[in-house]
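Each chain carries a letter (A, B, C, D and E) given by its place in the written order, and its residues are counted from 1.
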């Protein structure tokens, strides 16, 4: 997983079938200048620090046919005790 | 997922079996100078901003035997509200 | 796998369903300045050197429905004989 | 997928069981100085531009038990119309 | 796959269940200063050049329940004819 901060929201009305209810959020991984788009079912907000799982495990979490999502917010970070405090 | 812009089209007549109908589009991820080739079933056009899912979830989206594609355009970005506007 | 050192602990009370018992630990891969979050079931401690497996194999290790974790500490490194001693 | 150019051939007589007939080709991704080894069943030649799929989708393409290959040449590029002409 | 050179051995006595017989070897990918740990069932030696497959295909190679290994040495490189001779 990566620790990241929610930095935006992405809307895509024209989309392929099979995407579950939820939001596409832009997140910035800690210590990185780049961004990725993670699927969110927790109602995470702008500026919130989150844990993101990547790859097929993100899709496998959903019941039924796995949707084509490759990154999923799995939790909201309360606190951490790390050498890389932010 | 990544947000990216469609920058080109790739044709490959000689190809392995099992590829579904659709196009191979070159896309440039936001904030990156590199490119990747994503499979497209939405009819996305040059310059369009798209969401791309990568890895086995791209293949699993197709019904039947998963084709050997590792990147799929899953939506067209209408708008975003991000710190990294483009 | 990567060899890494445990550098912190992450708490996430609000989380999606399906996460197994265990801890989210921040680890720093050898020779890297970046960090990732790995799931731990071994009770690994701060400063411990560990082996981390990434991707869907981390989730497949768990019995039953694979949880949405993409990195798992699979062992504690006793010793190594490498060109890149730390 | 990535667009890449075939730059070499790799021979490995001593190998694990389960590898299908085909060749291990060294390819250089467009715009990159690094190389990777892709499995080839198309008879691709030195200097040919190819499309490479990576990850488990490369293995899943083969009938029967998936072999331990993580990159597969899926087509030969005839032509492209991209901002990054080569 | 990547071509890499075996640079060390890693021992991990305390480990999770489900790891098959074999060795954890440190390998250095060609043209890279970084290292990764690959599982080896071929008895590869220090300095040997090897082919490494990464991701879930490494685990799927093993019979029965896939072990939590994400990199597997699949062959020993006899010779190569590449632009990037080493």
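Assume a residue touches a chain if its C-beta (ideal position, glycine included) is under 8 Å from a C-beta of that chain, and two chains touch if they have at least 3 such contacts.
Just so we're on the same page, UniProt names per chain: A, B, C, D, E = Ethanolamine utilization protein EutN.
Note that the coordinates shown come from a computational prediction; the quantities given were computed from them, not determined experimentally.
Between the two copies, chain A and chain E, the C-alpha superposition involves a rotation of 145 degrees in steps of 5. The distance from the centre of chain A to the centre of chain C, with each centre set as the mean of the Cα atoms, comes to 19 Å.
Distance between chain C and chain D, defined via averaged C-alpha coordinates, is recorded as 31 Å. Touching of two or more other chains is recorded for residues 55-56, 58 of chain C.
Order of chains round the ring, from chain C towards chain E, by the touch criterion defined above: C, E, D, B, A.
The part of chain A that touches chain B in the complex is made up of residues 7-16, 18-19, 24, 26, 28, 33-39, 55-56, 58-59, 66-71. Residues 1-3, 30-32, 41-42, 51, 53-58, 60-61, 72-84 of chain C are the ones that touch chain E when the two sit in their complex.
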